[in-house]
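Every chain is named by a letter (A, B, C and D) in the order it is written, and numbering of its residues begins at 1.
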């Protein structure tokens, strides 16, 4: 980066800009108001010639800051790519001529719009510096995997295969987790006809042979501090000293426990001849291919499997979700009996049989082996004559009093994630379940959930949970989106899943963890602003220790130091700017995105006097959905009011109220805030950003009242990326309303 | 030496003097024109049809078909078996499939055949006459001999069940087979589209459950009339009989005025090839096809 | 007959599914049904009159061990052999044959409904066809009309008179057949021996399976 | 342009799985070549109106992925390109790619003047041919590369000259020829996705004969404001509002006459689409789902329960036997509700077939190196462990699971090229 700044503006006259706008006037504006040292125009700026012209000024003329007044920042990104130079984009095409009619009466206002966007681009770039990257990075490339089950072992091996060191921590005495309890597992390859080896022994031996992988058994995480690339993790080893490991990223694979069968007395939970799926696996392992015997030693001649036991429950008493794997598991377990002796009666009672993908072949194979499937709702399981009687409503034969006698009943009780403390709502945290080693049917001791990672983060010791204690991402396109940078969860703790999916998931999560380590080392941001080198800096001398930033950061990136000042962990930061928006004293900023870069644009807009009847409306639009929607409205040539001036923001959460009060004070007639949906089905790519932003801005009403302005002048709008047709209408309606209010009394002050 | 030779299995209803004798008549004329030689399998026996399932059981039914296979194989070596009756064709084909895929069944069958002094080496191919026409000859060959195209006449091609399901003709769709329409068009007629083309005529239930069968037959004839057809065309003696002979009773029961002649494809072809009403077996139609009789007279 | 029913019931204890698998033609396919119901919806008689139990329900009843209800049911006898169910079944279950098979087994056990018309037709047809090796259509028709006794027979014959006359006019009904003339196979004797053997072997095979049960 | 070396990862297919695999690898510092046969990226997800269970818009995620792509110099994208051959071994493949001409070069600014100038129209593939588009067109509003496309049929027509004349930046080049490109790659991710099962093959449902029997993917376009009806749910035969819609599950799936496997996404897909009917017509909109089993797996169960609670949505456990058409062209569904033998023959305004998922590679010539199972899904081949399947090319998956699969595939590819790197180091 050149020592001294040199600002240049480049104005394009292509794509009809030249025909629609007075380019010379724009040039004048850039020079006079924008105070650019260099101003050039080009009739096809994104062409090789245009780009070469800019590159030449950078290389030979010492230009450090470039304002490009042409098309949207979303267009021609390959052409306008100058890595070492600070760039701003004045959106004259999608922002002006494509949303304005090509008429004589519109010409003046359209030109004004364009001139303002040139002023704004100049003002913004002058307030920017090109990010140099985060100096405070850690370069540790060791992956911590918590949990030694199928998911954890797979993650460890996959990471090792890519050349990374792994520390694997398992709380029990042996690796294997749930899968190790299985006699066999559901098949994973064609012909999907018979159960196959559970595969644990193979993975364990691979891990033992792998010099990249260090295993701690009978061990738990006592403390996790630091950030991606520089975690310090204390590992408490049973009957041994606590060890501290340097860790780059963390993968939590702490699995699940079966829903407590004892909570289902009406289905026979607790009866001697009623087991859950783990119980049946234990019996099958004991039989090892021979006749399966009950606990009392009696050979099982008839068995009934009850699906969805305590699952898909609408009463609110049990699990409301489906655990996904249980149908295939019951099919597999029924085969244990049929493969040993085809004459054993095996009945599966289900309401919807769920065997997706090739599971259908497995289902078919079970039918072929004589397993009987019956659609029915079980009303009760009672002990009778040395066995059980299962009463159910046969939905096909519409027989409410159907019943079957069986030596053994297996309840498919489903999975409860082992995800630690619910930091958002500790009271409804899932009950801690028995340790892996314990007998599966053993009653669960209700106790306060135990933290798994013991993060020393300001915002709590474990990763935030999504639903029902699962730590899944809320994003369909981004299943590995996480609210704790560099910490990923995989397997049944993230979402109910079977072993095959868990192994796939483990590999995916390992990918993300490796990526997080690599990028942390380079000071680059993680998703969704992947590669962003900017990072928040704080002027501590101005800080009032109000703690808003540390509380609001959606990613728990900010702790407090011993002097109670905010302590930023840049490599945990996702660059959303929520802290910047939250800061009442405006001491937090990014090099290329700050209170000033936006504030300067707001101030740069030329505010006509109250007699000119030309209102000015500020739009602060989320760059993820709202700004693209405005762009696409323009591509469809959906026109909207000439009064608006739009500024993209990283997230509604980054909007500092000072921008709004400044705008109103400087004579804007209204402010539209366009952000993503929040609430249960939030769309905000920074999870809580839009929600926090909105909460903050809801307070602006009082300020407006204080200024004697209609509260409607500030309009908070939820915008989806598909609103390209409705958005312009809404803008125009709003503009009309503002005109109705008459000009802001603050003009000209 | 004819261009094609087949071991012919007429089946009980299509033999001389039987309920579908006119089918046989027309088939013979048609084959003569097309230079196809069909030689009746000596001393052939009943195929058992579908309906015999209850009394016959499984093996006896296969034995009956097997006997025909053995007779064909020994007396007409190397010739495919061709049947004109859909039920006979289906019954025989099913037996062939089961025997070829079930050694135990085959062994038992051979043992039974021994009682009749017969045995099977390889079971010949079993074809329906329609397969011979469109698969072995092809529509173009069938068009060549057409002297008097049935211009301007509208027929509803009634495929029914057993030439269509489960085996099908020429791999055609079960829901909308078109071979019959194509045959109609080949001889210059117009095939009218209607949605009861593959509806079941009730089959044997025409005897045992006449009400149910006649309800289905009514749907078929009605749809044929709605489509503008003047006549129905079928490839199956039982379909032909059911859709033809009960029209009177249906009229009584439902107050309809059905009077639709039901022809065999072979009758149309014989006429188009210039055959006489007699050669086409038109005298065998209970509901006389006057229009065709006049046409044949010209 | 009925004691054969008891024997079988006893041999197979409560395992009706296994009994059907071993004793009814194609019975071993019953277990493959996934209760989608496409067969029931495809059956032509279903929509005109309805059944006591459509095929997929029959299969479920078999699995539920409803032996008496299934074997005495009128349903299987409604099959027209149209094969719609068979070609549409997503599990390729040969439903048509299973229906026939269950009906045949019910008849074998003496549980089929008394004077079930399709059963009677089946008996009459087969006996007629095998007597001389080929069907004697006139005698077949006669015996069908007179199944309910002379009076009913005459009545029915009157109803059908037009049909019959039409056929006679069209030379499609050969009066000679009534007098025992008409179509015959030469080796009727061989055919009878063959069928006797076939019946014997089939009985042996099925008994063998039952013994194994 | 960076030159591909054998440390490069080739990703075949630019749908959400391919884009994900490419981005995850590139954001971990790897060189990636991304090859897509359409003129645009995004694949079938871009053609969906909403996602289950959030009812959010796929284009939202597409925008983020495109921004990641634009910001990442390590990825080279080739559209209108198909892999025709793979030679070599794990760690050192040479891949041949057929590049078909777009007739529009990189100068294009997507101003749209060419489309304004031409008159000719072609079927709009992006809308599953439900509508028409100009012969010079931008496939959809988020097309990337953001460049217009000329349909080959324009060549030699007056439209060709009109388009050329209308373009002020000289972006139109009708002399472009098909090219064969060669790339070196160390590992290959095969993410060629899926295609809807051909509904014509399910003959009892008369798709293609009855205008008002359509498929689930087509219904997405009907519901989408950017679709052929502007988001109105109108039936094809007469443009009448389709207020009474039937959804037939397992149309082709779970069926040995068609697809043996369960396609997994279709139950949730139809449950989602009942929301479209509700959205369009409120309580006047009725949906009926004909199903064998409702497979709303894991936490999606909530979604099912919500739809079930909607009095405007009915559920019938039945595989529909056949469809006929009444005088008003209403499709009539025939079958039996198997829960207690209830017969039905019910007319609906519109029938949506929830057709299953078939791998795109099925029936298409794919390089022998890519192993697939009997259903045509790509399998990991231990013998040739440098080629990895991703997303729906490997299994019937919903979007969420496809992305997981693609992320995993990226690591498997990285394992190979890292070994190469270490070997060279």
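As a working rule, a residue touches a chain if its C-beta (ideal position, glycine included) is under 8 Å from a C-beta of that chain, and two chains touch if they have at least 3 such contacts.
It should be emphasised that the depicted structure is a prediction, and the values quoted were computed from it without experimental measurement.
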>> So, comparing each chain's Cα centre against the centre of all protein Cα atoms, which one is closest?
In response: D
>> Taking the mean of the CA coordinates per chain, how far is subunit B from subunit C in Å?
In response: 23
>> Centroid from C-alpha atoms only, then distance subunit A to subunit B, rounded to Å. What do you get?
In response: 67
> Distance from the CA centroid of subunit C to that of subunit D, rounded to the nearest Å?
Replying inline: 51
> Which positions in subunit B touch two or more other chains at once?
Replying inline: 174
> Which subunit C residues touch at least two other chains?
Replying inline: 34-35, 56-57, 84, 88, 91
>> I need the residues of subunit A touching at least two other chains; which ones are they?
In response: 375, 396-397
> Can you list every touching chain pair?
Replying inline: A-C, A-D, B-C, B-D, C-D
> In their shared complex, at which residues does subunit B touch subunit D?
Replying inline: 173-176, 195
>> Touching residues of subunit B toward subunit C in the complex: what are they?
In response: 12-13, 15, 17-22, 43-46, 48-60, 62-64, 67, 104, 108-109, 111-118, 161-162, 165-166, 174, 199-200, 202-205, 207-209, 211-213, 215-216, 245-246, 248-249, 283-286
> What does subunit A use to touch subunit C in their complex?
Replying inline: 343, 345, 363-364, 367-368, 370, 372-375, 394, 396-397, 399, 402
> Hey, which residues of subunit A end up touching subunit D in the complex?
Replying inline: 14-16, 44, 46-47, 71, 74-78, 81, 158, 161-163, 189-190, 312, 314, 320-324, 352-361, 375, 395-398, 467-468, 470, 472, 474-480, 495-497, 501, 504-505, 507-512, 514-515, 518-519, 527-528, 530-531, 624-625, 628, 632, 635-636, 677, 681, 683, 685, 720-722, 724-725
> Within the complex, which stretch of subunit C touches subunit B?
Replying inline: 25, 44-45, 48-49, 77-78, 80-84, 86-88, 96, 100-101, 103-104, 107-108, 112, 117-123, 125-127, 129-130, 133-135, 137, 144, 159, 162-163, 166-167, 169-174, 176, 182-183, 185-187, 190-191, 193-199, 201-202, 205
